[in-house]
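Labels for the chains are A, B and C, by order of writing; each one numbers its residues from 1.
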Amino acid sequence: MSAGDVLAILGGAVVTVTLSLTGILIGLPIGLALAVLRWADVPVVARIVAVYVSILRATPLVTLLLLLFFALPNIGIAIGPVSAAILALVMNTAAFNCEVWRASLMNFPRDQYEAAQSVGMSAGLRFRRIVLPQIARTSLPGLVNEMSLLIKVTPVLAVVGVVDITRAAVRIGAETYDPLPPFLVAVALYAPIVFVLVSLQRWIERRQVLAEAAA
Amino acid sequence: MADSSKVLDVAGVSKRFGALEVLSDISFQVEKGETVCVLGPSGSGKSTLLRCINWLERPDAGQIYLNGVEIGINGAGVVMSDRELSRMRTRIGMVFQHFALWPHLTVLQNLMEAPVQVQRRPKAEVRDEALALLAKVGLSDKRDTFPAKLSGGQKQRVGIARALAMRPDLLLFDEPTSALDPELVGEVLLVMRELAHEGRTMVVVTHEMGFARDAATRVMFLDRGRVIETGSPEKFFTSPETERARQFLQRYAGDAANGKR
Amino acid sequence: MIHDFGIVWSERDLLLSGLGNTTILSVLSAIAALLIGLVLTPALMSKQPWLRGTVRGFVDGMRCVPFLLFAYIVYYGLPSLGVRFDNWTSGLVALTIYNAAYMAEILRGAWAAQPREPIEAGVAFGFSNVGLFRRIVLPPLLLAAGPVIGNQMIQIIKDSAFLTIIALPELTHAAASIQSRHYVPFAAFITAVFLYWGLCLVIEAGVGSIDRLAAARR
């Protein structure tokens, strides 16, 4: 394995992180919107969201990816590998995030909301200033958990031809007929990323427990 | 040598946790039909003593004999295996402070579980006896209920029935009413009083002075791991011999004098 | 579009065979992972630092490695060390070992939340070893951990789809095969998605039953 090979793997790492971040950043607010729709029990839409979330949580990412990449052009929507990857990540993230946000919304103390109503805040103001800051805090551990899971499924992007850490590792392995070292390098690169996320999650949880104990 | 006419013979038992000596050279005997109440301030080692009797805690020194047979060390002088210990434990019934009922089983199943699984007695016989015991403690209608749905007093009565279902030679009570709301204590003490009057052999660790005064045949006062005083309840509560017993009683004078429970 | 679904229907044997493989693979590895997890959990809580450290390292390691990579290493990488599995065995081994780590962590968490006294009562009443474990320790533990284990099962089913990469004929691979031969991607993959959804609903129903049993006893 030469320096060029290592560079190729690192290049794949950049792609991984970029795609994951894009997926997360877009999926986060969408997940919140879905959660609010279900929590507010908007007729018809809430049910559709529930079904959507249920299906997405049951679907493997690779299947979703293949579906989007092959099926969308088939029904007239042209899509490239990068867009398909981002779309798959966003749909997946939104569905899982929805559940995390929803749990926070359901555990939100009702009386705070009523207090905001009684001082005449509008619905939008109530949500932005009272509800959102608090559920953002309580959802954080769950969201970080989702993020680390999301990173761990990005190798599947290799399936659709997007260059990724794994793909780079596979290519190098195929070229040099020695698959094990590139894989180990790939693992060695993934592991710290995920480890940092998991540690971050634990740290946030610990801080929250302490904050609650002090309160 | 063990005295096999006594149900329980505790000889020179000591126990330490780290640097702290919790029990120092405790010796006493319990005859059949006696109800011995173990009293003392918190930290005196009362619960530890009880738990040493059935080797839930292992004594660092001393011997414990049940009907003349040593618990914990077998005939060859070696520490008993789990199976040997298990056999001895089936002869001792224990009632726990926090009830310790098995949550995945109904009340009736709780009573039947150990007699069937450990003592290997026939199911039909165990069931009949269990139903009779439930009637005895006044909980026949709760037989198919899960413990989580019972009140504290009900749980403890089930706990007592469960211990009785093993047909034990000796009953151990570890602060049976300490975790109960005051208004639920009475129903449990009632059952315990009945057992004492029936002539069961019982060792009861408790703070209920009224019960000790009424139902005990003997009282043992422990402080900081030692037996300070022992004697009949009348003697202990009216004219204790030692200063420490006197101080202890002064703190609890109200309860004993009321004698309500 | 109807025509497309007609083609998929004509290939239903392949799809069902893929579904069967997915189900068998997932169930087998779930059971194996749970059993191995049951062995690893006491090690996780052991007082011996070397034992605890090793297992903890394994568990944390598996949680940081993407499953796809792990499956690759088992199938493509091990032959260079002299161990060659076929794709079915690789898939089963990878799924089992990977999820054994998760199961161990789940069981450890559930165990830590269990009250100690009822188990002590079990000892006091003469239960020991296997009997104590089977009748006193395990039932409440499984009732408490049921939903989380159910979630992990769903994860296993989804991870099994990754094994299409090593040409294991599971559900996604079947759908992709139908797609590549008949050019009916939408029909094929949507059908696969609904079949996965169906599996998931079955598991959620199972979890619901366990949760009802647990709620009655709570």
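The rule is simple: a residue touches a chain if its C-beta (ideal position, glycine included) is under 8 Å from a C-beta of that chain, and two chains touch if they have at least 3 such contacts.
Here the structure is a predicted model, which is why all the values come from computation and not from measurement.
The most distant chain from subunit B, with centres taken as the mean of CA atoms, is A. Of all chains displayed, C has the C-alpha centre closest to the centre of the whole protein C-alpha set.
Centroids built from CA atoms put subunit C at 46 Å from subunit B.
Centroids of subunit A and subunit B (each the mean of its C-alpha atoms) stand 56 Å apart. One finds 21 Å separating the Cα centroids of subunit A and subunit C. Chain contacts: subunit B has no residue touching two or more partner chains.
Contact residues of subunit B toward subunit C in the complex are 54, 56, 82-83, 85-87, 89-90, 92, 94, 96, 98-104, 113-114, 117-119, 146-148, 162, 166. Contact residues on subunit A toward subunit C in their complex (touch as defined above): 54-55, 57-64, 66-67, 70-71, 74-75, 151-156, 158-159, 166, 170, 173, 178-180, 183-184, 186-187, 190-192, 194-195, 198. In the complex of the two chains, the subunit C residues touching subunit B come out as 115, 117-118, 120-129, 131, 135-136, 139-140, 143, 216-218. Listed in rising order, the residues of subunit C touching subunit A in the complex are 60-61, 63-70, 72-73, 76-77, 80-81, 154, 157-162, 164-165, 171-172, 175-176, 179, 183-186, 189-190, 192-194, 196-197, 199-201.
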